[in-house]
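Presented sequentially are two complexes of subunit A, the first with subunit B as partner and the second with subunit C.
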Partner chain A sequence: MASTPQMSGVLPPTTKPAELEYGGDEVSALVLDPGTGTTRCGFAGEDTPKTCVPTYYGIIPDPEEQKYFGKLKIGENPINSVVDGMEIRNPMHEGIVENWEVATEIWRHCIEYRLSSRIEEHPLLVTEPIWNPLKKREKTTEIVFEDFNAPAYFLVKSAVCESFANSKPSALVVDMGHAYTSVTPIIDGLPLRKGSERTPLAGQHLTNQLRHQFTELGIRMAPWLTLKGKTPYTDLATAPALRTKDFGFQPHQSFLDLQQDRFIHEFKECVSETWPEAKTFPADINNLPDNFRGIADKAFEFPDGYQRRFGVDRFLAPESLFNPSVSPKALTGDLPKGIAEMIKDSIDHLDADIRANMLNNIVVVGGTSLLYRINERLNHELMTMFPGPRVKIHSPGQIPERKYSAWLGGSILASCGAFHQLWISKQEYDEVGANIIERRAK
Partner chain B sequence: MSGTVTDVRDVLGIDPGALEPRQPPLKKQRTVEKRPDGITRELYALLGENAPPVAVVEHRFKDKPKFLGSVAPWREQTFKNPARKDGLELKHWVRQSSLQEGGMDVDQEGGQQPLPLDYQFAKFNIKVNILEYSDAEYDAVLKDDDWSRQETDYLFTLIKDYDLRWVVIADRYEFEGKDRTMEDLKARYYSVCRNVMEMRTPVTMMSAEEGALYSAMHYNKEQEVERKRIVHMQLYRTPAEVEHEQHLIAELRRIHDSHQQLLEEREELFNRLDYPQSTGSIAAYQGSQGLATLAQNILNSDRNKKRKSIVAPPGQPVEKEDIKPPPAPAAASPAVSRQGSIAESARAHGHQRNESTASASAATPLKDKNKSNIKQLSKAEEVQYNLTHHEKLQPGVFFRTMKMNLPKANSFINKSPAIMAELNIPQILSMPTSKTCAKYEVLAKEIAALMDIRKQLEKVEQETRIFKAQEAMGGDRSKRSASVLSDVSRSSKRPKKEK
Partner chain C sequence: MVGPGFRDDHILLIAPGSRSTLAQLGLPESFTPARLRFPTRMFPGLEEGQYLPNKVHELKEGEEMMLRNGELMVAGPNGKPVKRRKADSTSKTAKADGAVKSADAKGDTTMADAADDHEENEEEGNDEDEEMNGTKEEGGTKLFYEDDFDEEGAIWCMEQGRIVNWEAFFALLLHIHESLNPTFHTPILMISQPCWTCKDKERICQFIFEKLKTPGFGMMDAAAAINAAYNVQHSLVIDVGYEKTDITTLIDWNIQEVNRTTIPFGGHSMNQHLHKLLPDLTEEEIDQLKRSNICEILPPGVPIPGEEDADRETVLRPPEPTTIGMGGLTQPKALDDEGNEEEDEGVTNIAAIVASGKTQEYLAKKEKEKADKKAGLAAGEKRLPNYKRETNSFLFVEKVQDAVAENEKTDHSGEALDSERMDVDVAPITTDDPQPAGEASAADGANGPPPAPSEGGPEAAKTDPDGLKVAPDAEGAKPGPSLMESMFSGTKEDDDAKRAQEKALRREEKKRQEAAQSGERRREIEVGTERFKAAEGGILEAIADAAHRVVSSADNYNMRSECWNSVIIAGNGCRVKGFKDALLNTIVSKYQVSPSSGTIFTSELPSNIPTPSGTGTNTPQPSTFSSQQPNALLLQAAANNAALAAAGQHHLSIPQPNQGPSSIKIAKIPEYFPEWKDYGFEECMFLGAQLGAKIYFVTDQGANKGFVSRADYNSLGPQAIHNI
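Then we have the complex of A and B:
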């Protein structure tokens, strides 16, 4: 082969680095992991993000205001306080930033207010979904260098971070987040575009399904914030009158929806459960066969005091992640693929040689993957789809690790000594422009 | 015990009173309390002066920790990464002591330290060496109808960018909407490499390393496509196929296990038969055919054994040799193995060649077989091989010269060395074969006889002289002399008889 002179001090390409070599080198970088549900931010080298701010923001519309057309409310407390005329909006759509002005403000809020850090002093690592278009990537670069004036910056795919967080250079990453579930094959830290899949069957979908399910049952969906107190009851027909607070104004519907999401979220955490096997799920849950062996009921109390035991119906919404046709609320448009189906599609797109390796290294992360028994179900479905090769699902046992896997991977990456040659510096940005991101972060 | 201590002191001359150790500690005053009524003795014993179950905690502050030396301060320091061309300066924290090692005093320079020359992680900036071709080389050997120059260049850029990670290269490959599979890309890359290498150095001129690389670059596209197709098939097996495969694997394992068992059993059988250790390899029996042959042999030998017991039924007086069990089918009897070479019989074991003789030898009575097997030697040959027949062999090892039948007469023992020296024959035979020993014996006897005769002759001559002197003196002693004469003749005759 062409013999190019080796740079002195560089390991030869055939030599393996020492086994226990410490690879960390902190440069006090910041890691920002913007998601649709929450924006995670913290210092590189730590094991959990320092702050986790909702990406939902409140706005009191004001046509006079030039930049945002209203007064912004960012952060956990401001968006959950009852303010006259405050609407709740989200600057992201399916993990991609739609409203740059607000997204920038949220990021700035995370770094400057929550972390109390001077943004221009720290290299910044930002994560992005794999389907982030070039325009958006360039815009992010522009914001980081123009608005934030960061000394160095890098944009990394969140799926890559997730595989790193699970100490796997090659993995099939299944990320079940708030707005979408994505499947991304990673080879040696490089994501493959052709095997990447995504679907909106994720946390938000579950919330909408449950909201529909509760509405169908006739449950009053008054959130905690609007109630003075609760009166326990079990019969919807004889429900006592709601003891609502009088704010003197009617809160905006988007605000009420966000508040509803909070107890629905609790329902998801406490009551919802995944049915362990696809084929034994009853076809019609209102008309169960006599010999049906169900799983124990679970009770839940709604904010207004209504107590109800949920049986098979508590499996319905999670079931729709795997089989969208059973969704309580019929999905509009083309029926999306179930998650297991999507993993199969992703595997089918890959080269035959790496399929077995991918099936053996499936990494399941994201908040929605914390649904009880979801990995069991996934494993079962994949084993049925691929009876031959070994299917192995890796999922961090710790809840924060599962929820903040992308951030954690970014934290590992940005504190890694060998990574510091990859940072895009301000100087490089000034020379090349925003397009540098396409050249450097492929 | 105390007695011995005082003894030691006495021996050492120490005044026992002076060095009396410290007073024995005063016995603790046991306060005997009267056991109250209504409480059992055992329970009361437990209540007694037992140590409290909780440790007594002293109320005081923790000791101040003892640090070894002063704390090494850490400094935030800027550094440059030699792998970067833009000279980005990042900051990391470095221990002060390691800074001072480099001969820099941080305190005086006030934070503006010179940058360390080498960044420790720069060594991981590894690039894969990718072949590069020139325009001339491209025009000479790399032209291809399917591949344009631009596309080839694009392929090589991708290869360099992704360090030959073919999965990623095939994933990112986008050139004018062309649909290229990974095999297409690989085939092009390897053909380019081979062509360029061949052009630079002809195959015959290549060094071993280059030659190995050149042959490693050979890429068979059809074979790869076929291989991937098989991999795909293997991956998408139906559950039934998987089950069938598992069944087959289990069956294979079973066969393998039983094969192993068979090998072990055979080994055990060999040991039991006290078979001479085979030095040859058992490769001949590894295959199924070899095993079948072996099994057949074992079976045959078993059958022969049984047949033999029928030939010599119990009750019939059997010859002594027949009582001994035949040790091995091939090594039919100790006589045979003594006669023929052991190694040969060992080699012959299990082969068809020997089978017939083995069965034949077992079928016929052993004695006959021995006779037929012993080669009848002629007299000349017996002499040649020094074969002797003895009525009775003396046990033990001995020298032949020790057993020679030599005359015991004192005169012989005294005189023989001189005579032997005169005859130029050594006292001890240098080559005591049975023949020379026999000759030596004859010689010794003749010498002894001659010596005897000479002695008698001297005697007779002496008496003759006496008689002559007596005759001269008087004739009345003639009767006595006659008796002496007869004695002389008798003694002179004796050795002649022995000859």
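Then we have the complex of A and C:
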């Protein structure tokens, strides 16, 4: 089995103890938690990451450029500046790194931006999704030792970190992130591949659904950066002319999308709400039954000044997380299972004797879990699905703890004494090569 | 180890910035603006790895060097400097009050000391000082000449707040420490830049303890210091610097590290933009223009004179930069002609007048001239406030080493000379016959705003800092409110007449300001409406957008509105007149949610009406709800409570915020600091530092780990800095 850190600190017999030259107390270890939406980094032992950099990056394509085929723009501010020809891309695909050159630069930026200019002095703990394939794990190892020249390193499954962050050695971790919602059973600090599930019904899906919904409504989704100012209005039919800025060029569509994401994100925070019950969501929101009452309207103002009150339609996109068939924008390919269904699948895959334990320890984390009342819905669905055993959902009450759960768990792990012997040192890497990761941390 | 009780007067404060570093030894009874201001630069020393605060020219015997004022300096025998005027070759040994030191060439320490002395002189006296205060030293047969004015080869230690040259930075710290020469019981509090990494801080901590041997060292984040000065619990701090702006939210006095940001826009961006608009001016001229009284950012609704205000429909919204374009509406040609003329002829040799001892007469004469002129043009152009004039001029003060004054100095005592000098500089306030206001405004421009470190910093060390700064200007633009009031009552001037008048005026002035080849050169430079466009290079939008991003990513939903309600705009970059208002306007007009959208109350109400249809035709108006409000709110509150009770145990849901910001306000400036009131709160970070130092070192005495003590450092090493 994997030699993932355990709370007992007992090492599997196949592993030789590492030299204790990198006591985390002398040189603080760094914890890097790369995600599709943002990449988080900070010092081990602290309670929040110090930097949270968008994983999206800007590129001004230039075929002459040897390494990246363009000029890279990394970081919060560069990707939010209007630059001629800048495209926004993401080095991640399906939650794992695809473009290593750029990802390396983003990681480096994330560390050097505010943490330490001497990246080579710090042991580095990196998190990875459970579905990260061997090739990618080896590549990560290579980058950490070759590019960053780190003295020591370890790779941990983010779900393991999340269960630790919620002080549960065993848990069913539901991580609702940007690109994926994943379910991972953790038993005594070890992730079980069997029973691990994932679905793209997550933050990005919501954003796209909302974007589609707004477009259908005929809302002009001009983002702040392209506007000079706004003129409040409530009727789309008599909308005043947009006061757009003239940049002398047309910003790339991917840039506009990213900018739209900003107010869509605000909409998600302030207006979107999850229908709290399973299977009672009205089938046709434009033809509500007469007895349908009591939904609070919420108003939202778009950057161009358009104000609109959203009623039942603000439940629509979140509903599609549980019931993908209602998605405003039809999904292509096979219809994925809803989140609750997926959790059920995961439980069904597990041995019968641990199911009760898992159901009693469901840990819900990730930025998308902040969607208003999503946990109530989840609770309701699971109670309906598993009427017998007690279903209990645990979710941190603080926003940062939800958003940065994986990072926080990594921070706890890397700073606890028993973990020190797990670090893979540079010396070991030099002797064995990138495959060391498979031997030491499965 | 920590001696119980650091004393107020023993605390050293250092606030490094990209352009200038503020420092002060001791906390005064009533907190003051920083006493000392050092340019954040060093010059490479004579040996590798050695740094000096001033440029040093090395001359071998017999070598000649051309000084900036056309003077020749020859290294005489024994390294004695010999100065020669170019015109008359009467060579004179320069003996400017103690500037010549025949030290025994003890190597770099002597050198540094001498330099320090000198530097302090410069700081204490006025920077405008034109004395030849280079320090000369004999080192064998070499002559070392320190040149204050030459900035060539200067190593600026910081860029955009980041320390780019550590050796030079440490040399600067050492230099500051040595010039203040504090006791061994002096703890140090340093303001840290937000962009410094943890490693950077450790490095500084190590240096401070190991080289400066301080008993205690603390670091205070710039944003925290600004927040402390304003004494608000939650805030959004916008710190406009030279090449960067830091944007930070503080919640419950705590900095929100994750979402703070630094954008590469600052005071310098405005210079660059102005330079684009006025390519004929030099960078120095642009800088002084920016700091002069005539450069302002007009409030929304006030048209730029001579231009159509395209965006006037709504008074609340600022005129948009892009509609005004890149200065196409001004008269670049006129500027070309006249600007050049001015450069050549519009020069007054103040120093010569001073030297001749006829200062009073001269001033009286000038005053009379001015009065005449005013009478003649009572209703004319000159009377108009700045914002109504298509062109206006400012006095450009050029620093040139002054030979005449130098020569005369042997006759005067240094002090007398200094005071006379001061009379000229700040004539409107300190002498009994005030100089014309035009001069005053320019003097103000040059002396007052301190963003440029090396020159023109107001000297806090002077007993009367506002003496230098505040020059109420009859002709200059009035402050904001009155401007708004008078805006619509003003009569429209005939442009041609205006211009003709001005030309006549200028001719007169030219006549008056004749002669003089050297001295502190002042000349008027006239600029058109470009002076209203300093902030149009996108800086306002960039800051506004970044601020919105920063607050929107604050993790504590409820505190976001609190932050928006106490916005602090600080930093020397925002000294440009009207900048703060313009920035606030930009934020409000783009990001504030209109109150009519009724997000505050109505959104919470259960709706009894059909959901709006896709076309929005059924969209209810907020007014529909007004009658139901009280009841509905109660219902809502009850529902919320019930939901909370149900969810409470497992923290199932986190309450949803409202869309914000629904109001944006500038934080109230603190009232208890009279010294700061006149000085302006742009550098209030230094006020915060003093408050912080008082608490950390004196009141608290380390009980709450407000600083790193020697003992802490010995046991933990440089990382101890992170524990505070």
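Assume the second predicted complex is superposed on the first by the 413 of 442 C-alpha atoms of A that agree within 3 Å, B and C clash if a C-alpha of one lies under 4 Å from a C-alpha of the other, contacts with A are read in each partner's own complex, and residues count from 1 in each chain.
Keep in mind that, in the parts below, a residue touches a chain if its C-beta (ideal position, glycine included) is under 8 Å from a C-beta of that chain, and two chains touch if they have at least 3 such contacts.
Given the structure is predicted, the values throughout are model-derived calculations rather than measurements.
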| item | value |
| --- | --- |
| Which superposed partner A:Glu112 touches (first subunit B, second subunit C, both, neither) | second |
| Comparison of subunit B and subunit C by subunit A residues contacted | C |
| Touching partner for A:Glu428 - first (subunit B), second (subunit C), both, neither | first |
| First (subunit B), second (subunit C), both or neither touched by A:Ile399 | second |
| First (subunit B), second (subunit C), both or neither touched by A:Ser28 | both |
| Subunit B versus subunit C as contact partner of A:His420, first or second or both or neither | first |
| First (subunit B), second (subunit C), both or neither touched by A:Phe386 | first |
| Touching partner for A:Thr184 - first (subunit B), second (subunit C), both, neither | neither |
| First (subunit B), second (subunit C), both or neither touched by A:Trp224 | second |
| A:Arg193 touches, of subunit B and subunit C: first, second, both or neither? | first |
| Footprint overlap on subunit A, where subunit B in one structure and subunit C in the other make contact | 28 |
| Complex contact set, residues of subunit A against subunit C | 28, 43, 48-52, 76-77, 80-81, 112-118, 121, 216-218, 224-225, 227-230, 232, 234-237, 243, 245-246, 262, 265-266, 269-271, 273, 285-286, 288, 293-301, 303, 305, 307-313, 370, 372-376, 379, 392-400, 402-403 |
| Complex contacts: residues of subunit B adjacent to subunit A | 81-84, 86-88, 90-93, 118, 120-132, 161-162, 165-168, 170-172, 182, 193, 213, 228-229, 231-232, 234-239, 241-242, 245 |
| Subunit C residues within the subunit A interface of the complex | 195, 197-200, 257-259, 261-264, 311, 317, 320, 322, 541-542, 545-546, 548-549, 552, 555-557, 589-591, 593-594, 596-599, 602-608, 610-617, 619-622, 636, 647, 650-654, 656-660, 719 |
| List of subunit A residues in touch with subunit B within their complex | 1-4, 7, 9-13, 17, 23, 25-28, 123, 151-152, 187-188, 190, 192-195, 350-356, 384, 386-389, 417-418, 420-421, 423, 425, 427-428, 442 |
